[in-house]
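Accompanying notes for the structure given below.
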Amino acid sequence: MQLFVANLVVARGGRTIIDDLTFDVAGGEALLLTGRNGAGKTTLIRALAGYLRPIAGSVRLDGFDPERDVREACHYVGHLDANKASLSVMENVAFWQGYLGDGGSGTAAGDALWAALERFGLDALADIPAAYLSAGQKRRLSLCRLLVARRPLWLLDEPSVSLDAASTVLLADVIGEHVAAGGIVIAATHLPLGLGAARELRLGEQVAMS
Amino acid sequence: MQLFVANLVVARGGRTIIDDLTFDVAGGEALLLTGRNGAGKTTLIRALAGYLRPIAGSVRLDGFDPERDVREACHYVGHLDANKASLSVMENVAFWQGYLGDGGSGTAAGDALWAALERFGLDALADIPAAYLSAGQKRRLSLCRLLVARRPLWLLDEPSVSLDAASTVLLADVIGEHVAAGGIVIAATHLPLGLGAARELRLGEQVAMS
Amino acid sequence: MSGFMRLLRRDLLLAWREGGALGTALGFYLVVVALMPLGLGPDLNLLSRIASGILWVALLLAALLSLPRIFETDADDGALDVMALGTLPLELVAGAKSLAHWISTGIPLAIMAPVLGVLLNLEVRAYPLLFATMLAGTPAISFLGAIGAALTIRARRGGLLLALLVLPLYVPTLIFGITAINAALLSPDGFAASFLILSAISLVSVVLGPIAAAAALRTQME
Amino acid sequence: MSGFMRLLRRDLLLAWREGGALGTALGFYLVVVALMPLGLGPDLNLLSRIASGILWVALLLAALLSLPRIFETDADDGALDVMALGTLPLELVAGAKSLAHWISTGIPLAIMAPVLGVLLNLEVRAYPLLFATMLAGTPAISFLGAIGAALTIRARRGGLLLALLVLPLYVPTLIFGITAINAALLSPDGFAASFLILSAISLVSVVLGPIAAAAALRTQME
Amino acid sequence: MQNQSITQRLANPTRFMQLTDWLMPLTAAIAVVVIAAGLYLALFVAPPDYQQGETVKIMFIHVPSAWLGMMGYLMIAISSFGLLVFRHPLADVSAKAAAPIGAAFTLLALITGSLWGKPMWGTYWVWDARLTSVLILFFLYLGLMALRSALDDESLAAKQAAVLGLVGVVILPIIKFSVDWWNTLHQPASVVKLDGPAIHSSILVPLLVNAVGFSILFLALHMKAMRNEVLRRRVKALRLAEVERAAKRERTAAAPAE
Amino acid sequence: MLAMIDLGPHAAYIWGSYGAVALVLAALVAWLWFDGRRQRRLLAELESRGVRRRSDRG
């Protein structure tokens, strides 16, 4: 599995934010996106997930079912948590599991769900409406999506925001395992994530201003 | 001038966030509020500004016109920028100057306005609608309020968010001058602000949980 | 269970949990219908003559105001972004959400209409007709409305703009809905033709609405 | 210039700049009035009889949809917080913003009403009466509406709820607005009494609305 | 402790629960007895009216329902005042609990009135001032309940509902005096008048017995609803405490790692 | 016994209104009853899990 990004150009509001960017990431590799505010990290991630249509260039994912769209290979965890305040922790995760996953059999799916909740320390809160969670718990609830539906390409936009130290270590572990299993992780961040071997792509240096 | 906070208790959503907090800040002093996420920094600042009604305790500002409400002594700069996207930079600042200030005479007010814009490097952008500003410029536009209407007590909630290095230094200078002139600054922050002599109040440690 | 059914179930569950949604739509319907006689005067003959028209127009307005609910909260909390990554095409996402809107708003409003007919002195034999035409016509309201809801997710003052965008789309439904009832009250066989056209409009909307809404959603995400 | 005048000027400037606001309200008014004949059938006599009622009800709905604008954007971007620190009492803040709403929405809608009367075959001599009663009655719509707008700033599904809350408050205005016109059309001196009551309602609203709205805003900030 | 006023003693929710533990069933029992007596008088003893015939029997439930619909709103307005001015801890519980009950009685006044209107006026509904203002009262109840359901934050919802409750109170005089201000189809007041009731005692007595019975029933229902609300708030507080406990456990577990 | 009362030509309206009162009040009572039981059950559940309020402990 390998992600190729070639000569990517992305504009927002008439301004070119990403100008002729080329890089690739192999399976089993994590890439950190860094750069000052406004450098284009979020823009790049949203372009990779297919939310923004690039002006030029291509994004190609080798080793994934060529019949299917690249977006079906992606997990996206951004600033917004995509969970419903009036559903319980469990109901939220179960919905995304069914919706994003391949809809596997009942008991296996149930086990995976509980494993994810336990991993992120939410099992005690399973029946509580998401509205009552603290910011850090909400963030962990979003991260649960990564574990309940298996997808090779993880696109994370500042995933460690509002996590405490222990949870940040946990996140690094989860990312490490995914990479070790041959997956790809691309994460935008201002803070160190504690990933030993990750490659770094510094945005903003090459961008021509106005 | 001196701010006395005695036995303050503030609750949100039925939970006690600030529990029996006592401190005072003298004129010419800056106080940094720190503590982990959810420690209650924002809650404390909003209580001081009078947005939240404390359950118990008192906030008193000595040396300010006793006829007037404490809130009329405050500047509050929070996460939201309070500026209108469709008004120009100049129009935004001018409105707050007239609204928050004592409505001084025409030319003096105009001079103060220009001085503030220049100080924060926005003079070249004066006629541009606020919608076109970058995040850092938006933040500086909010900070301009501090300079155009003179008020002794500044309540700043994470004022350096999205500022670049040069602007952070500028902010430290502005705070320093206000303090040197006998004003009071209370700022919540996760990042160092570069204020040499500031006192620090660490929240969250003394809060009794449940 | 398919993604479509899951999404439908979730939206219905949310409409139920976040309570009030339905109650408020029904309450608004009641209030608008009650305002009309205040505006038009208490003459019961006059009221009963225009009752079906008023009930239809007020239903349109009540449904209209609840349209933003279709996409707005999911767009605000990022759920729509994640949904776009699913295997379910965005057209079906829009379809499931429109269907949920119809079930949770359209059907209750249609059921409520004959009840409100009492306030307007509606002829008793018009009750079943009113209910039948509304049941046949309300899908068009939800599915066409979804287009407007998708277009205005990020617009300031979405509500007003939404109204302006979709009300013209509702005109055919409104005309044939009322024609059907009036035809039936005059001659027993005049009903069928208008009713068929009304159903046809709804069917076309059920197909066209989600396609157009999905297109709007795609541009919205950028 | 006082804080009140500054705020009023700013709100009017914003209503103007953010364009559309007024245009959309007028557009909605036009669409609703145009829908009515479709709903009620094209009988011109009937239409002209109920024209003033329809124009009033539609005006209420159009104004209603633009009510959230009074406080919503200022609450969303934190401007309301900063305003609370000014020397101007919150009651006057609410008053200035309601007044701006009346000037930017109420007056244009009142001017538009006689124009739309043409669509409904309104009697010519009713035009000035319609305009006069609407001018006298619309302040109540803006100032009472401000209460609902302040109450629903942080509510889910604000629009529908707002409608449910304020429409009952509008009933007296509606009743006396229409009574005034009808009285005038029947006998030349029946107009004065209703018109005076209508003006009295508006005056009471101008006082009561900002006080209640300010109370709601204060609790809103917590 | 001994010389506390009754409101002070009631102010404590725990005390309130203890008190109503026996008071509520007692009130309910009295209500059932009085209403049974009232219904007996109404159905078997009261003579038909010389004008309205047997339909006058509807009055025995219509009028109490209408009175209680209005009293429910008055209760809400007073509670709202208590919340906004005195910050009484049970005021909001009372206001919230009264809304559905008052709405139910208002709905009953509308239904029974309509059913009476058909034989008397030949139609279920007319847009007369009394009927319209009662309908608006019903809308106000709906608005109050919808407002609460739309606000997540309970203390915010309480205060907002209190503001609306106080603004809406102008409807009560309008209902009361609408029949005097405009001449309408509906009966003007004949029971509650300055110069004493204007109806015959054979009808007045069952009416008053029923009115007293319904009022006691209202109190019992209100107490029950308040008890439920107090319990609901306890459940919510415990849930929050549970979440907090879990969060704290994690923090202490994480502490060594820091 | 009730059948003995002759309510004349409008009996349906009279019984209708008495029936409506019975129905609405019964619904209200049932709702309050079940709601109360539900809250008690939830409370018992939470307490059996060892969750206590501060005031209950001291």
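Going by the order they are written in, the chains are A, B, C, D, E and F; count residues from 1 in each one.
Simple rule for what comes next: a contact is a pair of C-beta atoms (placed from the backbone, for glycine too) under 8 Å apart; a residue touches a chain by one contact, two chains touch by 3 or more.
Being a predicted model, the structure only gives us computed values, none of them experimental.
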Overlap of the chain C and chain F neighbour lists contains E
Most remote chain relative to chain E, going by C-alpha centroids?
A
Quick check: which two chains are joined by the most contacting C-beta pairs?
C-D
If you average the CA atoms of chain A and of chain B, how far apart do the two points sit, in angstrom?
35
Distance in whole angstrom between the CA centres of chain A and chain D is 47
Between chain C and chain E, what is the gap in Å from one C-alpha centre to the other?
34
What whole-number Å value describes the gap between the mean CA coordinates of chain E and chain F?
15
Counting only residues that touch at least 2 other chains, which ones in chain B make the list?
210
Among all residues of chain E, those touching at least two other chains are 132, 139, 142-143, 146, 150, 152-153, 155, 237, 239-242, 245
Can you tell me which residues of chain C touch two or more of the remaining chains?
18, 20, 24, 27, 31, 38, 41, 73
Mind listing the chain C positions that touch chain A in their complex?
1-3, 6-7, 10, 13-14, 17-18, 73, 76-79, 81-88, 221-222
What residues on chain A touch chain E, complex-wise?
85, 121, 124-125, 128, 131-134, 137, 164-167, 169
Residues of chain D touching chain C in their complex?
18, 20-21, 24-25, 27-28, 31-32, 35-36, 38-41, 46, 49-50, 53-54, 56-57, 60-61, 65-66, 68-69, 73, 156-157, 159-161, 163-164, 167-168, 170-171, 174-175, 178, 182
In the complex formed with chain C, which residues of chain A make contact?
12, 49-53, 68, 71-72, 74-76, 78-84, 86-87, 91, 95-96, 98-100, 103, 145
Can you tell me which positions in chain E touch chain C when the two form their complex?
114, 123-128, 132, 135, 139, 142-143, 145-146, 149-150
